[in-house]
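Here's the structure, in structure tokens; my notes come after.
Order of writing sets the labels: A, B, C and D. Residues in every chain begin at 1.
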Amino acid sequence: APVPVLETGFVRLVDYMGGDAAIVQGARVSYGKGTRSTSDDRGLIRYLMRNRHTSPFELAVAKFHVRAPIFVTRQWFRHRTASINEYSARYSVLEKEFYFPRPEDIARQSASNKQGRGETLPPEAAQHVLDLLREDAGRCYDHYLEMLNQDEAGNVIDPDRPVVARELARMTLPVNVMTQFYWQINLWNLLHFLRLRADAHAQYEIRAYADAILGLVERWVPHTFEAFRDYMQEAALLSGPAL
Amino acid sequence: APVPVLETGFVRLVDYMGGDAAIVQGARVSYGKGTRSTSDDRGLIRYLMRNRHTSPFELAVAKFHVRAPIFVTRQWFRHRTASINEYSARYSVLEKEFYFPRPEDIARQSASNKQGRGETLPPEAAQHVLDLLREDAGRCYDHYLEMLNQDEAGNVIDPDRPVVARELARMTLPVNVMTQFYWQINLWNLLHFLRLRADAHAQYEIRAYADAILGLVERWVPHTFEAFRDYMQEAALLSGPAL
Amino acid sequence: APVPVLETGFVRLVDYMGGDAAIVQGARVSYGKGTRSTSDDRGLIRYLMRNRHTSPFELAVAKFHVRAPIFVTRQWFRHRTASINEYSARYSVLEKEFYFPRPEDIARQSASNKQGRGETLPPEAAQHVLDLLREDAGRCYDHYLEMLNQDEAGNVIDPDRPVVARELARMTLPVNVMTQFYWQINLWNLLHFLRLRADAHAQYEIRAYADAILGLVERWVPHTFEAFRDYMQEAALLSGPAL
Amino acid sequence: APVPVLETGFVRLVDYMGGDAAIVQGARVSYGKGTRSTSDDRGLIRYLMRNRHTSPFELAVAKFHVRAPIFVTRQWFRHRTASINEYSARYSVLEKEFYFPRPEDIARQSASNKQGRGETLPPEAAQHVLDLLREDAGRCYDHYLEMLNQDEAGNVIDPDRPVVARELARMTLPVNVMTQFYWQINLWNLLHFLRLRADAHAQYEIRAYADAILGLVERWVPHTFEAFRDYMQEAALLSGPAL
């Protein structure tokens, strides 16, 4: 079942190959007879993670179906070590679905963090932001349909007017319009994605997706998830000079 | 000097490493003494291209500075075999620069090609599309500045109003707003990009960039360019059954 | 069940995710409502392959267990778009398993093709080659065990002699010694591998593995296999000038 | 000039694109006007490294010419994020060059570290290992030439005997035979390689190459080198539970 994210979005684990047991099986190929002594699966997985022996984690893969606003996918697709198949706005008409933040997520520019969010806006100010966002999304989408010469149900409005190419008309849609895609990635690169995107430095909106995926990963590969948390996510890096 | 593309955009070759001669030098490492007999550089490059011996082309790399609308970069960044550093709209304010097609590029949805453009729109219809695009871009950008509580010169409008986080405010901007990025890619993957994006199936706007890059490649690596044209770009694929 | 290759080697399909149906499902995400009209699965897969719309094929992945001589894996691992976990000769002792060609595969250097094989050697000459190969493999392996101070059963030979580090001792083994590895790759890159390695230009030994994998792919994704054969493997490339 | 490694090997920096200044220039594209306040180049580079903002480091690339034993390249080429062009033993005859460790590098299997080296062997035992290695290399190479029907100078030995295909004959050569290759990699992935291979867990022989490259990197990009040392190489990772 899809996990709802940001109200109009979702993440769904469509399929996967392998799991904790398969990672261990792959790792034992390297060690050959040498692993006879090695402890249990959990211990081996923690050992692999601690020593950044990453190749066995690459043997497990997952495939997700995601629905997210374009500005989130712009951050997401910068992760190149994955395979993507996205909805084509050249081929099909985008639906009237936008992301609008909840009032409590509308915040000031952070004073300290140049790329971050500070305190939440007062309710009326937040409401004003929402009004602007809704107004823009609504009107841009109306213009989109007008160019496509169709109504929301997909019916032609005026048979005597031209239908502008979809690839052109879509250029007026704001980046909070929703798109969707299939995403296939191996477990190691997924963990790398999660480390960067379930992190406090990441924008709240993509973090919401990363958090949802974390939950799916925890159920899929519990040992790996635990080792990830201990050795990647919550680990602190002490610089040479600091040591 | 930057090559102008789509009026407000550009492509600039910032730096490169290697060229036709370096490709040949790299290829000769494989062949060792075996190449004594091999013909000239041009001949060897054509041989490599014809036989899809691609690794020597990967030894040459180029770095570009590009300014393009977001909907174009969304297609561009799907090419994962490159390194990108893009302007951050979380960190900085996007300028008021949008892409608006020339009237002659505003076309109908193609009847035959589901993801393509057909005939150009009549002048008034094209003008109407442009009016819609300009109206949307203008008002969305005004709202963007309003949320940021700044004017176009970057001055605070009202010191008593909050400044909304840039990462939030930008979500109202349409995908024809301009962004910019540095792009580093090896020559083989660049040719792969050009084959797909300087092709008739690609959307006109990204094709305009690909065409500009083609010109830069031709001057940079003339032998490789010629071999690319003959064996990749203009080559026809005859299917097994057709043969 | 493992498919035997080169007598002492094998390829085994350990697991896979997706298949023809999943590729189609992924492709339909792009097309959205636009695919209503699209024909059947086979037709869509052929369309995707013909137009090099490769991303849906990347949504399917497979994992193999392979046993092959080192000189074959040296060619194999040049394909970077895969995940590998190999037996570690630093960690464990390599078994006494080598690849020796069948007499009918022992051939002259080709006169026309600098990197290829010509006619088969006469029986006695082939036998002489085999004698040399067997002699070298045997003696090198004996020396390997001598350095490791162990016999073939893994028992210490002389408790008073040192055991040389495995990572050092293995350096005397010839490249026809067998190794093994797990290999995870997406279907598109697998087809790319097969095009290059099930091809007449590839060395016979790696081709034997590629041919075995082709058989597994045919059973796994019959429509994709057929499209691959028609549009990639048996397709002829006509150069621009030739057209 | 080539840096000698392991006596018969070397690493040579053939060419590079970019450097500390170009990394900073690339980073400033992201930050736009936002960097006006940012400190000097060194400070920005340290900031990028500390925060694992890796994309600007990918804008710099280097190309090396390397000569190394095959067992070292087998470890090296597992790093997939690079472009390689290697000497072809199908195309050309491998020279009679092998790697033989210095007596002081010939060590026991470590008792504690399953994949490592322990104390150095006593001189006579080390000499015995060297004798075995030299004997194997010598005889295997003689057999190689015998199959190729040529002497060390490349002259045909007996015009009436067949020349075995080079791709077959080479299969008798041990993995300490030397090969050579060109290697193109971006700076970020180079640092990743160095972190893993200039590390105590890496086999001494590849570490010798990594150390030589470290020296070249230090001269090429001094600020990045320093930041790498402080934040990647000498940094300690404290696990969540340990904190």
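What to note about this one:
Here, a contact is a pair of C-beta atoms (placed from the backbone, for glycine too) under 8 Å apart; a residue touches a chain by one contact, two chains touch by 3 or more.
Computed from a prediction, not measured in an experiment: that's the story for all the values here.
Each step here moves to a touching chain, and the least such steps from subunit B to subunit D number 1. More C-beta pairs in contact connect the chains of C-D than those of the other pair, out of C-D and A-C. In the contact between subunit A and subunit B, the residue numbers used by both copies make up over half of all numbers at that interface. Subunit A and subunit C have Cα centroids separated by 34 Å. A separation of 24 Å divides the Cα centre of subunit C from that of subunit D.
Chain contacts: subunit C has residues 31, 34, 84, 88, 91, 114 touching two or more partner chains. The touching residues of subunit A, counted against subunit C in their complex, run 15-18, 22, 26-27, 29-34, 55-56, 58-59, 61, 63, 65, 83-88, 91-93, 154, 180-182, 184, 186, 188. Those residues of subunit D lying in contact with subunit C across their complex are 69-71, 73-74, 77-78, 80-81, 84, 88, 90-91, 99, 101, 106-110, 114-118, 121-122, 125, 129, 132-133, 135-137, 139-140, 143, 146-148, 161-176, 203.
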